[in-house]
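After this come two complexes, each holding chain A, first together with chain B and then together with chain C.
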Partner chain A sequence: MRGALLIILLVAGSVAGLLWGQVALAPGALWQGLVTGEGPAALMIGTIRGPRVGTALGAGAVLGLSGALFQTLFRNPLAAPDILGFTSGAGLAVVVSIAFGLVAPMPLVAAAGGILAALLVTGIAWRRGHRTPPLSIILVGLGMGFFTSALSNFLMTLLPQAEAAEAQRWVTGSLAARDWGHVAQVWLPGAALLLAALGQARLLETLELGDDLAAGLGLRVEAVRRGLAATGVLLAATGVAVAGPVPFVALMSGPLGARITGATSVAGRLLAAAGAGALVLMLADLVARSALPGIQLPVGVMTGILGAPYLLWRLSREMDRGKL
Partner chain B sequence: MRMLWVAVVLVLCALGSLTIGARALAPSVYLDALLAFDPSDPAHVTLVAVRLPRLMAGIIAGAALGVAGTVMQALTRNPLADPGILGVNAGAAFALLLGTSLLGRSDEAMVALLSFPGAALASIAVFALGGGLRGDVGPVRLTLAGAALNALLLSLVSAVALVRQETLDVFRFWVAGSLTQATTRPLGAMAAVAALGGIIALVIAPRIEALSLGGALSRGLGTHPRRVQAGALLVVTLTTGAAVAVAGPIAFLGLMVPPLARLVSGHNLRAEMVVSAMAGAALLTFADTLGRLLMAPSEIRAGIMTALIGGPVFLWIARRIRPGAAT
Partner chain C sequence: MSLTAEALTIGYEGRTVIDGLDLEIPEGEVTAILGPNGCGKSTLLKTLARLIEPASGRVLLQGDDIHASHSGKLARRLAILPQDPLAPDGITVGDLVRRGRTPWRGFLSPWREEDAAACARALEAVHLTHLAERPLNELSGGQRQRAWIALVLAQDTPLLLLDEPTTFLDLVHQLEVLSLLRQRNRDTGLTVVSVLHDLNMAARFSDVLVLLGRGGLVATGAPETVLTPDNLERAFGLAARVEPDPVTGKPMVCPL
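So, the complex of A and B:
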């Protein structure tokens, strides 16, 4: 059972995430802190590293799950919400709310932005009487990413210095200063959406046979596709709401999860992608906050450095297969 | 002669750039400053020391990016090619930032030279990674390769900027170029380099056109694909490098200008290059002036203005090409 390997990696990674940082804890101190709830270790875990690791695990899981959902839906390993511009749409919505001082819960704002971006991308790529090719959606999505980042750069010039710096950190993707509220904010909707995704796994499996065959088996293809896309966008927005639009986690997690677990069924691959996303984001954050003495990099910097070469590698693979 | 109209538009944009600004100048000042420059008159100083360099920077960077975009689009047969989208701007800007942080701000001219190796590395990398060496550059793979390069360099810049605690300044420069610092840039030298790039572009234009006919046919015409590609990448390096050294990274200008130019020039690459240079200069000057007007007395950076206009243009072009459906 190779799924166990992923679970072991997650547990080991989480322990490492709690132990290490700018100040390393001894394993004994961690144990004592967890058991007795007293001492400096308990304080550090209870107020700083615990919520941070919890948020990273949750946000990574929903992003990874969202990535795998879209990759399966479009039958293309490049079709992840971060490539398609959905996460940057969600990010832009949050920058707008910071810039104009809107008082609304961040998950709702991010979800609205993500859904709007998804509708725009599919709407722009759509043409009457033609089936929209996935590559067309990818191209339009890349354009949406460019445009949303231009808009958030524009909004940032309107903001005073301190708020602009805050917004800048936010659009890079950061897990600094998370609290248990953030953990709840990502885990509760995340769990509900995970169940929704798993509930639709059977439909997705039928859809993988091809649209015509699926329709022949009595599947209402367009309705199913819309339901899956909505679930995927909400998952991505849930992650963005607590961690910002961290790049490439959604893109990498699906293939990575499948590689680690060897899962073949759709439900198995979705679960594996969630686990891999949690692992990637948590480890990237661990490296980002502890690699340099005295400086904590935002996690988005680290996933960018990891993810961009992965994207290039994936690109050349797809080219070799003649699929791009 | 429709080309003349483009020149007229450029002159109008240039006049607009000189006349519009925080300090209102009387019409007589322009002629006076030209004929009898008086260094003690603040109006003269504003015109000659502030607005004129800014206009020059706009013309140099705009023309250079227009040519760069035209060459990239012709070489890759891809209407979405642009120095900003494909990460060449980012390569040059990254080299500049690295230079400033290693050498300091003392030697602006030396640092400006670094933008050329940066642009060269980035353009070779994106061309190779996008499949250019296999002679088969699809719009999706080229754009994705550019996006990956941009993301990688952005992450590295963020890391360096945060380590050196000069984050916000660096980011402002990085996300969008502007013409505000024109006076401190080596305008003359960069104009010369950009002009050299333009001349090479005019010389190799027929070869690039022959290359776009496809492998066997272009070889029959005596074209060496590798040499033409190398020449084109040299042009992209010289023009983009000069533009970034003058104005920082200005995105989407090279995307928008060539299709506009083709309306005037038709499908003749040499004519398209000339029109693109003029149209690019006009568009960047116009964007800069507009950015000053909209938010007076503050201003919107020229690179942000071009990105705001260019984003929808990208979406419009992306919608019209159907990758996967065609090949």
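So, the complex of A and C:
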């Protein structure tokens, strides 16, 4: 069971996430804080690092799951919600709501933005009477990502400085100053969407055989595809709502999870991607907030530094295989 | 399980490929659909399998219009193996064949004894039982095609349609695939309909041939009545003599 390896990594990573930061705790103090709920460690865990690690785990898991869902659906390792522009669409929606002072729950705003971006991408890539090739969707999605990021930046230049700083931190992807409310906000819908994704795993498994064979096996292909895409977009939006549009976590987690666990079934790969996403985002955040003394980098900067080389490597591999 | 096309007109990418075709696929027999490239053989097969919606006309499976039927229930009566199914990365032969049980399994329902039995029978029929644990991509081309056939056999339908099941195979593997399909027909009464390219192979292994030309149906019936110099000229524009096959006595096409 190589799945156990991923669980051990997650537990070890979480402990490290609670221990380290700008101020390191001793393991004994952590233990005491967890058991007794008293002392400086308990305060640190209860108000700062606990919710931060909890949010990172939850947001990473839903982003990773979303990425694996789209990668399987499009049969392309580049098809992840961050590459397809869905997360930056969700980010733009949040910036818009800050700029115009809309009073609406952040997850709903982010979800609306993500869904709108997804609809626009599929709408632009769609040609009458033809199956849209995944590559057209990916290219349109890349364009959508640049466009929505540019719009976000433009809006931020118009904002007063304090709000602009808040929006800026938001679109980079940040886990600073999270509270237990954020943890609940990502874990509750995240758990429901995980169940929805696992419930659709068998459909996805059939769809993997190609549209014609899947239809021959009784699948209503278009309806199934829409259901899976909707689940994927909502998962991505759930993550963006609490962590901002952190880049590359969704892209990397599917292949990384499969590599760590060796999972081959669709349900196994989805679970592995969720675990890998949680691990990546949590470790990236740990490094971002403890690597430079006195400076806490936004986590999005860290995943960008990690993710960009991965994307380049992946692109060159796809070109070698003649798929791009 | 009878399959009939009534006044079937099929358009494809803005052009009419099949125009007003009436066709009856005989029950319990092996039928081959033949014709030149671009005459709409595959389009017709996909329409018979409800993968393509006809512009007009109907396809009836024992009286039910298949394009108006519940797709999941239909999948228990009619199976189709398309020309280019996709193999998931790293899948084993056994896992691939198990996916053929999809129409018989409800949401979250467990794997049952009868599912396992159907898969075992399907693997047995294509002689791949000993390779069930092997990854599909380690198999030879002929073995791989047999694994895909096992998937649709595990679907346990009385009617099986196949789109060019022998196109990328060498002669020996073509013989292997076609004879195992006919064996399955003789053993279980499975109705088999395939799109084929090789006229002589089709004559050898089929009870009924459906010959299409650019202008629609040219002839249908027993190989002896369909493969005549006259029909070949009309369907393919091919000048040929037809002699009895020295091995089987079936008609054999010799182009001039």
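Annotations for the structure displayed:
The criterion applied here is as follows: the second predicted complex is superposed on the first by the 324 of 324 C-alpha atoms of A that agree within 3 Å, B and C clash if a C-alpha of one lies under 4 Å from a C-alpha of the other, contacts with A are read in each partner's own complex, and residues count from 1 in each chain.
The criterion applied here is as follows: a contact is a pair of C-beta atoms (placed from the backbone, for glycine too) under 8 Å apart; a residue touches a chain by one contact, two chains touch by 3 or more.
Bear in mind the structure is a predicted one, so any value in this text is a computation, not a measurement.
Looking at the shared chain after the overlay, A:75 reaches chain C, while chain B stays out of its contact range.
Contacts of A:134 after superposition: chain B is touched, whereas chain C is not reached.
In the superposed model, A:208 makes contact with chain C only, not with chain B.
In the superposition on chain A, A:22 makes contact with neither chain B nor chain C.
In the superposed pair of complexes, A:157 makes contact with chain B only, with no contact to chain C. Applying the stated contact rule after C-alpha superposition, one finds that A:264 touches chain C and leaves chain B untouched. One of chain B and chain C touches more residues of chain A, and that partner is B. When the two complexes are overlaid on their common chain A, residue A:47 makes contact with neither chain B nor chain C. Residue contacts after overlaying the shared chain place A:218 against chain C, while chain B stays out of touching range. Overlap of the chain B and chain C contact sets on chain A: empty, with no shared residue. The residues of chain C lying in touch with chain A in their complex are 13-14, 46, 49-51, 71-76, 78-82, 84-91, 95, 99-100, 102-103, 105, 107-108, 151-152, 155. Those residues of chain A lying in contact with chain B across their complex are 78, 83, 124-125, 127, 130, 133-136, 138-140, 142-147, 149-151, 153-154, 157, 161, 164-165, 168, 172, 247-248, 292, 295, 297-298, 300-302, 304-305, 307-309, 311-312, 315-316, 318-319, 324. Residues 75, 129, 199, 202, 205-206, 208-210, 212-213, 215-220, 264 of chain A are the ones that touch chain C when the two sit in their complex. Per the touch definition, chain B reaches chain A in the complex via residues 80, 85, 129, 131, 134, 138-141, 143-145, 147-149, 151-152, 154-156, 158-159, 162-163, 167-168, 171-172, 175-176, 251-252, 300-301, 304, 307-308, 310-312, 314-315, 318-319, 321-325.
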